[in-house]
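Taking it in order: structure first as structure tokens, then the write-up.
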Amino acid sequence: MNTTTLDDVALVVKTMAVTALENEKYFSELDAAAGDADFGVSLAAGFQVVNDDWEQLDRSSIGNFLLKISMIITGKVGGCSGPIWGTGFMKAGLLSKDKETLQIADLVAMLRAGIDGIMARGGAKAGDKTLLDALIPMTDKLEEFVDTPTAAAQIRQTLTAVAEQAIETTSAWEAKRGRQSFTGARSIGTPDPGIVAIATMMRAINNTFDGAARR
Amino acid sequence: MKKFVNDPHDFVPQMLEGLVLANAGKLEYVPQYNLICRSDMPSDDKVSIIQGSGSGHEPAHVMAVGRGMLDAAVPGGVFSAPPVEYCLECIKLMNSARGVLYLVNNYQGDRMNWDMARELAEAEGINVGVVVIDDDVAVKDSTHTVGRRGVAGNFFVIKACAAAAEQGKSLEELVALGEKVNAAVRSMGVALSSCTPPAKGEPIFAIGADEIEMGVGIHGEPGRSREKLQPADAIIEQLFQAVHDDLPFNSGDRVALMINGLGGTPVSELYLLYRKAALLCEEHGLTVVNNYVGEYCTSLEMAGASLTLLKLDQELEALLAAPAEVPIRVF
Amino acid sequence: MKKFVNDPHDFVPQMLEGLVLANAGKLEYVPQYNLICRSDMPSDDKVSIIQGSGSGHEPAHVMAVGRGMLDAAVPGGVFSAPPVEYCLECIKLMNSARGVLYLVNNYQGDRMNWDMARELAEAEGINVGVVVIDDDVAVKDSTHTVGRRGVAGNFFVIKACAAAAEQGKSLEELVALGEKVNAAVRSMGVALSSCTPPAKGEPIFAIGADEIEMGVGIHGEPGRSREKLQPADAIIEQLFQAVHDDLPFNSGDRVALMINGLGGTPVSELYLLYRKAALLCEEHGLTVVNNYVGEYCTSLEMAGASLTLLKLDQELEALLAAPAEVPIRVF
Amino acid sequence: MNTTTLDDVALVVKTMAVTALENEKYFSELDAAAGDADFGVSLAAGFQVVNDDWEQLDRSSIGNFLLKISMIITGKVGGCSGPIWGTGFMKAGLLSKDKETLQIADLVAMLRAGIDGIMARGGAKAGDKTLLDALIPMTDKLEEFVDTPTAAAQIRQTLTAVAEQAIETTSAWEAKRGRQSFTGARSIGTPDPGIVAIATMMRAINNTFDGAARR
């Protein structure tokens, strides 16, 4: 049985924050190709506060922790990313308000809630070339493990591969949402910054947990 | 990057500090939320009119704060919509018994942040109205796109709603008025050069020495087509035709005509463009009642211009004529 | 050359046509002499205030024609002083029983043409006064040079003399007033880029990607030194020091402070510059009573800015506060 | 004896006009080096009118003809060149108001009057690197011929050589008047546009009269 604790969730979020801060310039450069070059700066602005306030964050439950993250991201991140990422964290947090541990089915439900929230917030759907096109296949894949007991490391490995594949697959698409979409056909051939960020974070989470396990 | 800038991260705050230093007693700056507001507002006698969008479009919208225009503006970073928390604080700070109206340009980032701020403000019992501005005809408006962008037509929505607010109109009336102005205003722009966001340090798009971007967006988004450089009159003909035919405008209409500079084009060239635009209005039977030549909504130092037409009626003519006072002035 | 222009020879006339189309009923255009004047002037109740200089510095000086400012302006070609005949016609057209005052920037071409026009006008019995403006501290003022150039300080001489003229002051009083303002005003500019006169089609000087021209003239004349690009605050410190020490200004002085854009620099950057200039004034004990941030005297599309300080007294403060109305406006 | 008639004077002026029109671009380019690139445009603006009005010009005397030229140049030429060239023609015209022919001594006196007028108008003196540094040595040289009978063709040849030498000599100087003077040391090494114009016109006058004599 794969059980996720508050500490695990915190490590995931911490890794996302470190990844956002380390890749600020890189993520902005990706956004320069078809967007307005602020994606890295925006994400970093929010995760910097997460990082700075780390010790004081509400840890009364997994859900409350995620809701606090949501409030920071929403509050501090401008552009599309604030509402999109903030909504994702919020919806996942609401589903886990009273939880102290999570099973895979819980994780799937939280991810689905986040995805639905993002769709409702920004009007994007699968295929519009946004971070949803990483999150949806990752969630679909995770669901396959609900009834198929698998080692946590292997699950993480698989999800990382799915996310990285999404960069490849979607690069050839035309963006339909966000500022990228104004570029129309010119967005074809460039990877979507949001998808790259999700994949980069998933790869980092994978490495972090592997490292933690080995120690 | 050749700009007057210190640390690029300080670009927006230092511009705002300069703005309030130059308008002591009239404007106030709340650094925590990067917010500029009138010192004498809010008042329970009128609906508060606010706006927040990315920076880099000055004088829009921070320099449009003043009597008869915005009560407050909350600019994000350069070309970045302000975060929800900032929008929410702006609404709360300008909370009035008559309500708060925010005017939002149709970009996803702007709209989502303001939508969330509105939900939160309404949860706190604040009466919030919204008008979405999308006057840029360069972008096709269809249900499976994010829709047209809000550009220089923004000025007219602010001017009309703010003047009506000073006259004591209700929030509902102002929302209806804002939607009416937005429905009657159309714009399109053209770029001769790119522009460089301070934090990026490099031009946001590449453009050849003999090329222009027809229908450019105010964040350097591509427009309808990349074309060869043409005589000024030929360029204005294209802008005019696109704007004119979109509404469409009809012979006999009374209009306001704006030639807006995108930041790097001198006012001499803007008047040269105005000349042709005014002649085209005459040819098409449009009477220019009000005209606007200068910078209203820019893209940093981009060389270029946009043309805006607003269809007038008696109500709008009176609102445009109402007094207003903003930091951008000659005297 | 990337500009909004048709035939380069038509650049100035077409700009002026646009200007009068945008100001119908208020301004008139005399194409024969390339002359812009108020429709309601001259009047025998006041001295007429006029100016003529090269074009390319807009809004100076054609867009400074209006109530409380110039009664007429006669711009030459881009960067070329108007010929004698045009100056003479301008004097004759604005002839008033109280006399005509022309304000001339200190360039040899301008001065010679106006001197000759004045001799001819006086021969016809017209009462003509002159004030020479030379506020640019970048140029050394000595007897064996042509002296300092007239730049953005021009605005204050026009504003003060025109306000005093509306109050009915005599020609002699206005000459004395203009000389007083000129003696109290100092400016210096800096260029980040060159500019391209339409008829030339190429930049008027070359400047490296990391270079600035400190003390540049408004026709692209070289200044004090070619320097490496620096943070905005460091640039303003240099301009401020040069301007401040030249008069000199003293702790306790009340001043007007202007940050003038040279044409290609967006207003966001001008406010960022104003911030530092205002802080320096405070440090040096100067009280900024009036401030001016925007474009007043440009060099076509040159990226750059200038800083002007004017030492005030009660008389000047009242004159700067007097109402005025020019084509360059937001509403 | 070298006698100059009204027809000769008219041919000189006509040649100057044609030269100004033919060299509009070239003269402006010279002015671009240290000035403001308008010299050719300005000169051409005046001489174009001279050319257009050619048949109607007052020919009641040499002086009246020159005064009319002065009025056109002064009226139509902006910048420094209008007052400078207009004053030159005016002063020469005033000295020859009643003349129907001119001797060399008359020509010298007219040139001296023009030079003095230009000095008074613009404050320049010899050595300031203006067209005076062509006109003064040319006039000095012409004076040498007053008492030394010489063929007209040889005199013109000599004056042309003096004017062209002036371009060479003065290029190394620093400009002290006009917009060029703001450039300070940067004007060293560039020829003065006014001097080049005088030399180019003198060369053209030389060729025109030689051609006329040969016919």
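Should a chain be cited, it is by its letter among A, B, C and D, assigned in written order, with residues numbered from 1 in that chain.
Heads up, the rule we're going with is that a contact is a pair of C-beta atoms (placed from the backbone, for glycine too) under 8 Å apart; a residue touches a chain by one contact, two chains touch by 3 or more.
What you see is a predicted model, and the numbers here were worked out from it, not measured in a lab.
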{"item": "Chain centre separation (chain C, chain D; CA means) in Å", "value": "33"}
{"item": "Whole-Å separation of chain centres (CA-atom averages), chain B against chain D", "value": "57"}
{"item": "Separation of mean Cα positions, chain C and chain B [Å, integer]", "value": "30"}
{"item": "Arrangement of touching chains [line / ring / star / complete / other]", "value": "line"}
{"item": "Chain pairs in mutual contact under the definition given at the outset", "value": "A-B, B-C, C-D"}
{"item": "Complex contacts: residues of chain C adjacent to chain D", "value": "54, 76-86, 107-109, 112-113, 115-116, 139, 144-146, 149, 197, 199-200, 202, 204, 217, 219-222"}
{"item": "Sites on chain C touched by chain B in the complex", "value": "2-7, 11, 14-19, 21-22, 55-56, 58-59, 63, 159, 192-193, 209, 229, 231-233, 235, 263-276, 278-279, 291-296, 298, 300-301, 303, 305, 320, 323-324, 326-331"}
{"item": "Touch list for chain D against partner chain C, complex", "value": "28, 32, 36-38, 41-42, 45-46, 74-84, 86, 121-123, 176-179, 181-184, 186"}
